[in-house]
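Structures incoming, each one as structure tokens.
What follows is chain A paired twice: with chain B in the first complex and chain C in the second.
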Partner chain A sequence: MPFMKGVAPIRRTTKYLARCPLVLKPRVKVMTVNFNDKGEEHSEGVRDFVFWNLPQIQYKNPNVQIVTFKDMTPSPFITCFMEDNSKVYFDVDSQTNKEIMDRLVKTVGKSKQVLEEEAIASEAKSNPANFNRRLGFERHCICEMPGQVPCPSVVPVPIHWRGKWWNQGHRYEEEE
Partner chain B sequence: MAGSLPGVLKNSILLGQVVPSNLKNALKVQVPYFTFDERLKAYFKKTEDFIAVDPSKESKTGDVVIIQKLEKQTKKDITHHVSQTVFKLGDVKDPISGEYVVGSEYRNRRDKIDELYGATGNFKYDEAPKRGRLEGTRDFTDKPTYRTWHEFEKDDPYGIRN
Partner chain C sequence: LRSLIIHQPRQDPLRLQIRWKKWGPAKIPHKKPRWIPMARSKMFVDPPTCLIAQAELDHEKSLHTQYEMRMKALVQYLYEDEAKFSDTGEAGRMEAEQEEKDHIRLVKENEEENRRVAEMRKLRLEQEMEQIKINVQRELSAKEQEEKERIESADQLVRREADSMRRRILPQNLEAAINEALDNPLDPEFALDRDGHIYRGRETKSLKIPEDQREKLTIPEKNQSTEKISLE
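After this line comes the complex of A and B, so read on.
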């Protein structure tokens, strides 16, 4: 881990950030965490959640606005605001950060199955080995790669390589 | 300007705090968001100001509100409208219990303790009038303040001369 200064710099590694189970459902637009600082035991889990897990959540959900509020209310809670102006409250008093994360994944997170399907779909899209310029890939055909057979529209392929020659029976003829 | 806005700010709803402004029929709302630094792999907080209309005229400076993007903009600068107030400054309501709260204490518990001690002269939240009564005379949080250097005959209360 290069450039690893500060408290718990592992939080600043891509591997750690990408290992977040919580990908919020698309209708969640704003997430608010209200918690209390230093000393209050019931807020300890939420404090850990903010320290360890919030950067992960923001990494996986770059278009969700995440806001924290400190010392506004006696008990900690998390609010999720949806695009239809409704909200969901999570009372997280005396819960550990793992419990909070699991609960959020269960209620407002995409399920593992959906995430797996999305991963497969995105792989097919971004695989640079695919052809077809019209669909956004870099190459239109293997004929444009150096060292491969050139495009038959430019340079005719040797006749004995053609399926036409093979299937018309010329391979049985005596060579001159 | 719209092209350089990060994706979060293009959302249909945003959460922000009302900030003092000189606007007459609109509010300035400051929206905090996080940007990712690719090299340091860390998030840094930035804020963006939006001008929103408040149809109910209830929001004051310091309130935390949810602003929603307007479908049709009548004025060029007014882009959002206030759809709900999350917290009112001074009258914070804990949504889980529904009780009014002062910092990390419940108001009714505080009042009970004050009563047991026989306190007099404490601020009574229930009897106090709504916020906004003294705006312009004693409360100068609605408009932005500035430093002034010259002594005028009639000083602008929003100009500070310390």
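After this line comes the complex of A and C, so read on.
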């Protein structure tokens, strides 16, 4: 692992981050985690959740705001704020981080089926209108299409079409 | 089949052909009264014929037909696509409703889970409270015991000192005390052997004492009441 910075640098690897089962539903906008920092056993699961799983969740949900609050309440809980201004509370007293994760996936996460469908849909629908032979499309550039401007590497483009001519102010010169 | 939305003017409900001026100021009276027949020069005039070649007209018509067909097909395709796959179409709306129901159900289940966790927390807190009470009680009784012992030991010290004060040697008892001391010499000397026998006295010869008369050195037994180690 290059650049092993921090306490548990595996949390910074893409492989680890991508293995997150929780992809929040589009209705969830903000997630807050209230927990206690040191000592108390009943808050240990949430502490582990925040340390190990929160980076994963943020990686998979970059548009969801995730906030943590330390030592504000006697018992830990998680709140999810929805787009219709409603809240869902998760009381996570004395639960392990795995239990918390499973609960979140069940209540506010997309199901496995939906995730699989999305994965299939997002796989490159090869659009024949795209260019780039290197990426497997049929055409490398629009210059090879009949009726289009030929490739400037073969036939130089008229000078007054070039951005260089335009930006250097030649368009203001009087034509000789 | 869904047709293109074409805005049409409001139609006459009786659908009669009525000739009247459609726009502009009304000309009253009209140019020629309705009951006066058409002018003789204008009667029986052949309608104007189209001079464009029939082939061209047919070609144009077929082009139009093709165009209409393709446009309708495209519109139909887009309509079906919107209904099936978009978020605002039929299928999308139904999916959204289903998702809403699922969400409500899941939130209810979550509420029950919260209740269960709250009960477990209540039990845990009660147990912790009990434990705290026991600890407090134990500490209080330990402190009480300590106090008692302290007072007792102070008491004993005072008694011992008072006793020794009572037995102090006054000037008038000096000679008697000296005689008594000389008559009863103290011999603190002792010897120990490896088996734990103690031989008291300066003049005692350890090997001359028979085995059954040897004094064994033992660890003094502690009183139960002064034991401070608890076995909980």
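One rule holds for everything that comes next: the second predicted complex is superposed on the first by the 124 of 176 C-alpha atoms of A that agree within 3 Å, B and C clash if a C-alpha of one lies under 4 Å from a C-alpha of the other, contacts with A are read in each partner's own complex, and residues count from 1 in each chain.
Definition applied: contacts are C-beta pairs under 8 Å (C-beta built on N, C-alpha and C of every residue); 3 or more make two chains touch, one makes a residue touch a chain.
A quick note: this is a predicted structure, and the numbers were derived from the prediction, not measured.
Colleague: Mind checking the superposed model to see whether chain B and chain C fit together on chain A or clash?
Modeller: In the arrangement built by aligning on chain A, the partners chain C and chain B fit side by side.
Colleague: Touch check for A:N36: first (chain B), second (chain C), both, or neither?
Modeller: In the superposition, A:N36 touches chain B alone.
Colleague: State whether A:R162 touches chain B only (first), chain C only (second), both chains, or neither.
Modeller: Touch partners of A:R162: none, neither chain B nor chain C.
Colleague: Considering only the touch criterion stated at the top, classify A:Y89 as touching first (chain B), second (chain C), both, or neither.
Modeller: The answer is both, since A:Y89 touches chain B and chain C.
Colleague: Looking at A:R139, would you say it contacts chain B, chain C, both, or neither? Reply first, second, both or neither.
Modeller: Neither: A:R139 stays clear of chain B and chain C.
Colleague: With the two complexes superposed on chain A, say which partner A:V64 touches: chain B (first), chain C (second), both, or neither.
Modeller: Touch status of A:V64: first partner only.
Colleague: Have a look at where A:T107 lands relative to chain B and chain C in the superposition and call it first, second, both or neither.
Modeller: second
Colleague: Return the chain, chain B or chain C, that is in touch with more residues of chain A.
Modeller: B
Colleague: Which of the two partners, first being chain B and second being chain C, lies in contact with A:T14: first, second, both, or neither?
Modeller: first
Colleague: When the two structures are overlaid on chain A, which partner does A:S75 contact: first (chain B), second (chain C), both, or neither?
Modeller: A:S75: touches chain B and chain C.
Colleague: Can you work out, in whole Å, how close the C-alpha atoms of chain B and chain C get once everything is superposed?
Modeller: 8
Colleague: Where on chain A do the contacts from chain B and from chain C line up?
Modeller: Residues 75, 89, 91 of chain A touch both chain B and chain C.
Colleague: Would you pull the chain B residues touching chain A in the complex into a rising list?
Modeller: The contact residues of chain B facing chain A are 7-8, 10-15, 31-34, 36, 39-43, 64, 66, 68, 83-84, 86-87, 92, 94-97, 101, 103-106.
Colleague: Okay, in this complex, where on chain A does chain B touch?
Modeller: Interface residues on the chain A side: 3, 12-14, 17, 29-30, 32, 36, 40, 55, 58-59, 62-67, 69, 71-75, 77, 79, 81, 83, 85, 89, 91.
Colleague: Where on chain C does chain A make contact in their complex?
Modeller: Residues 99, 103, 106-107, 109-110, 113-114, 117-118, 120-121, 124 of chain C touch chain A in their complex.
Colleague: Using the touch definition from the top, list the residues of chain A that touch chain C in their complex.
Modeller: Per the stated touch rule, the residues are 25, 27, 42, 75, 88-95, 103, 106-108.
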